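In the two complexes that follow, chain A is the common piece, with chain B as its partner first and chain C second.
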Partner chain A sequence: MGGKVTCTLGEVKQRADFIVYWGGNPAECHPRHFTKYTLMQKSKFLPRGRKDRTVVLVDIRETKSAKAADHFLQVRPGKDFELLTIMRAMIKGQDVPEAQVAETGISIEVLRDLIEKMKKAKYGVMFFGMGLSMTRGKHMNAAALLTFAAEMNAFTKFVAMPMRGHGNVTGADVIMRWQTGYPFGISLNRGYPRYNPGEFSTVDVLVRGDTDCAFIIGADPGATMPKPAIDHLAKVPTIVLDPHVTHTSRLSRVHITTAPAGIAAPGTGYRMDEVPMPLKPALNSPYPSDEEVVRRIKEVIATKPDWMTNQPQMIESQV
Partner chain B sequence: MELKVIENATCTFCGCVCDDIELHADDMRIHQAKKACILGKSWFLNHTAEKKYPDALIDGQPASLDDAIEVAANYLYDADMPLVYGMSNTTCEAQKECVAMADLLGALLDSHTSL
Partner chain C sequence: MPAVRLMLNPMRTAQQGVNVNIGKDGDEYKEITTTLSVHEEDMAALGVEDGAEVVVRTEHGEADFVCKTAKVPQGLVFVPYGPPTCQLMGGDTDGTGMPTSKGWDVEIIPRSELDS
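After this line comes the complex of A and B, so read on.
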């Protein structure tokens, strides 16, 4: 998501007077997001805190987060992209047929009112969760929302930010971008990085059976992925690094127990706004850290002849 | 056992990565995680410094760390299309090692994001 219009959570806390949560349930998934960064904080620019902020929730069902919002828009499942596109047209004053608006589950009056409020805001922010980026349309939905946020800047300051979960996924994005130029879904099998989600993303690779050895760290695909993917993991040699013996460990050939990051292993973790935070482990683990184990495996591999010049099936001209 | 207090500890359970947690811990476990939410609390309190699992398992049997590292390296090296996946619940330092290893192997490299 290079080129996205975004900011840090510090700016949200200090300045954001219009906050949209789209397809996420922060009250239950990111419990301190409201209190620490968005809703409750008072600042120089928003001295009355919650009273100075307008909060909108867009989701397919009324979750606990809806109670904290001023406006709740219940979008029909799978209609996020349509709704975003309609709103993008409406901010520019283009005509949209009412029948099409009705299909999204939201009336045109509500949208008109919302857009007017958005344009009047001083600093708007749109947070989007998995309910947007993991349903029909997937990254096209996220792209539509990011474009919407960018286009709102013709009227007032607006930014967008994904609500990331799962520990340090943001760090994984940042590190891969730094080292390879791409955030995920990468193949290095030609000796240089190529990016193609859908082809190189893990679920697809596993379902197609396109890998013959899987190294899993800090994740438990054996509990979360579709069955054909899990079956393939069980078929090929799988190696797991985890503080616990997980579902994936049980179907793997090699499991190595490591110290839990942030609790017994030191290092760095990224917040969802890509601000790095030092971890402060409280315990000493009897197990080594992930970092140490991966480095040692890497060092053993490095003692072997280079694969690229030694693979018999390599085409001469590619070497 | 000595009780330690760690101020401004960081919780990495969710993307908020709250860095204002006060942890009370002894050698074995964390007893209190002040300011953390329910998710963060249970995450901090559920991990201990106990040796609950063997160092490593090879084909389901307890094994030494050194053996497991050797076997893992061989599997990865011998594969034609190895895959390095996950990297969520781990540190950036470990993620960097993963990328370097994938580069060395000519592997597929991917995280949770692609789901």
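After this line comes the complex of A and C, so read on.
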């Protein structure tokens, strides 16, 4: 398992005639997705718009997105990996016991019909959300879907794309990737990047109490992370940069109000398909941007002595 | 009435997203993030009606919610992510960096039971 067969949202808009949403509820969470890219747009290759597209929703409950879909598959909670694995077997014509299929909450007839439609599509896309990536199985569920999409290319064109969260989370991943080679869970404490989710990832570092200071930019872990992580943020000196006073601000030692990015501060936001979009501020703000605050803090830190010089863990000392 | 065990799935809604930007101190945000969507059969098993206060417990913590009958699968309850769900979430990420954010086995107890 590995890799992602993907495309831009522009390609989805122009070409995708078979769209699967798995463990996501775009009608509530990405309300412009249907109208801008997937359902309603007419294009050179899909001139009748919605009538030329088939939409499938896979979820554990009938959300508002189900009304917009042609087919709704109600999978049992925690059975996404099993369902994806069964579908991977079925597209290759392998036998799958009906009893195992029934455990997923979907009948084999429904799956046979769905797979036939998928193979007949000209350009399929699978979008997956937190319902897939944050339940039991986590990244293995996402990997199963990405592999499924890759394997569908033996029959027709298929791609996959995660339904990313609000703000610029895609940008954070992309920048970390081209700067360090890794998307998240990175430690720079030896002077070079090391990657190990579960060890260097934010929640783990906080829950173990490994950090004695926290610098939070444009996020509110005090209202989103598990309680043990929040408790640690309250214990150590936490500095927050945010346009709003948040739950994290209240447990921090320092809150610096900054201009909201994209509204009163310029910059670059990354769309969920990893396309960078320049942001032109529509309003003026009396507050500095996050970038300016970070730059000024960096300038002050640069005047301090380099604490890492001649440390035994540095690369220079090891070669 | 005994405590009822159900599966809690925190999720997102459009109104929750709107209120994140309006302000998390607002009454509407607090109401959204403490309203538990429950199947009518599960409401009956709990012995509560719409608007009843309940305590939800996991192995990691507990928080107060208000029940509302909704069209959700029986055995599953849903609530938008927010500070109350943080109290219920465990810190273990199973080596992935991501805490398990959905599919929690929870115990739900009507507040009236605890007070009596």
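Please note the rule applied: the second predicted complex is superposed on the first by the 306 of 319 C-alpha atoms of A that agree within 3 Å, B and C clash if a C-alpha of one lies under 4 Å from a C-alpha of the other, contacts with A are read in each partner's own complex, and residues count from 1 in each chain.
In this section, a residue touches a chain if its C-beta (ideal position, glycine included) is under 8 Å from a C-beta of that chain, and two chains touch if they have at least 3 such contacts.
Computed from a predicted model, the values in this text were never measured in an experiment.
Legend: residue contacts after superposition of the two complexes on their common chain; A:49 is shown touching neither chain B nor chain C.
Comparing chain C and chain B on the residues of chain A they touch gives the larger count to B.
Contacts of A:296 after superposition on the shared chain: chain B is touched, whereas chain C is not. Residue contacts after overlaying the shared chain place A:246 against chain C, while chain B stays out of touching range. In the superposition on chain A, A:181 makes contact with neither chain B nor chain C.
In the superposition on chain A, no contact is made by A:97 with either chain B or chain C. Of the two partner chains, chain B is the only one touched by A:268; chain C is not.
Judged by the touch definition given at the top, the superposed model places A:62 against chain C, while chain B stays out of reach.
Once chain A of one complex is fitted onto chain A of the other, the partner contacts of A:209 are absent, as it touches neither chain B nor chain C.
The intersection of chain A residues touching chain B with those touching chain C, taken from the two complexes, comprises 29, 31, 134, 166, 184-185, 197, 201-203, 206, 224, 244-245.
Interface of chain B with chain A (complex): residues 4, 6, 8-19, 23, 25, 27-30, 37-40, 43-44, 47-51, 53-60, 65, 68-73, 75-115. Taken in their complex, chain A has these residues touching chain C: 25, 27-29, 31, 60-62, 74, 77-78, 130-131, 133-136, 138-139, 166, 184-185, 197-198, 201-204, 206-207, 220, 222-230, 244-247. Of all residues in chain A, only 29-33, 36-37, 134, 163-176, 179-180, 183-191, 193, 197, 200-203, 205-206, 210-219, 221, 224, 236-237, 239, 241, 243-245, 249-250, 252-257, 260-272, 276-280, 282-291, 293-298, 300-302, 304, 307-308, 311 touch chain B in the complex they form. Interface residues of chain C facing chain A in the complex, by the touch rule stated above, are 7, 9, 11-14, 17, 20, 23-25, 60-61, 71-73, 76, 78, 81-83, 86-87, 89-103.
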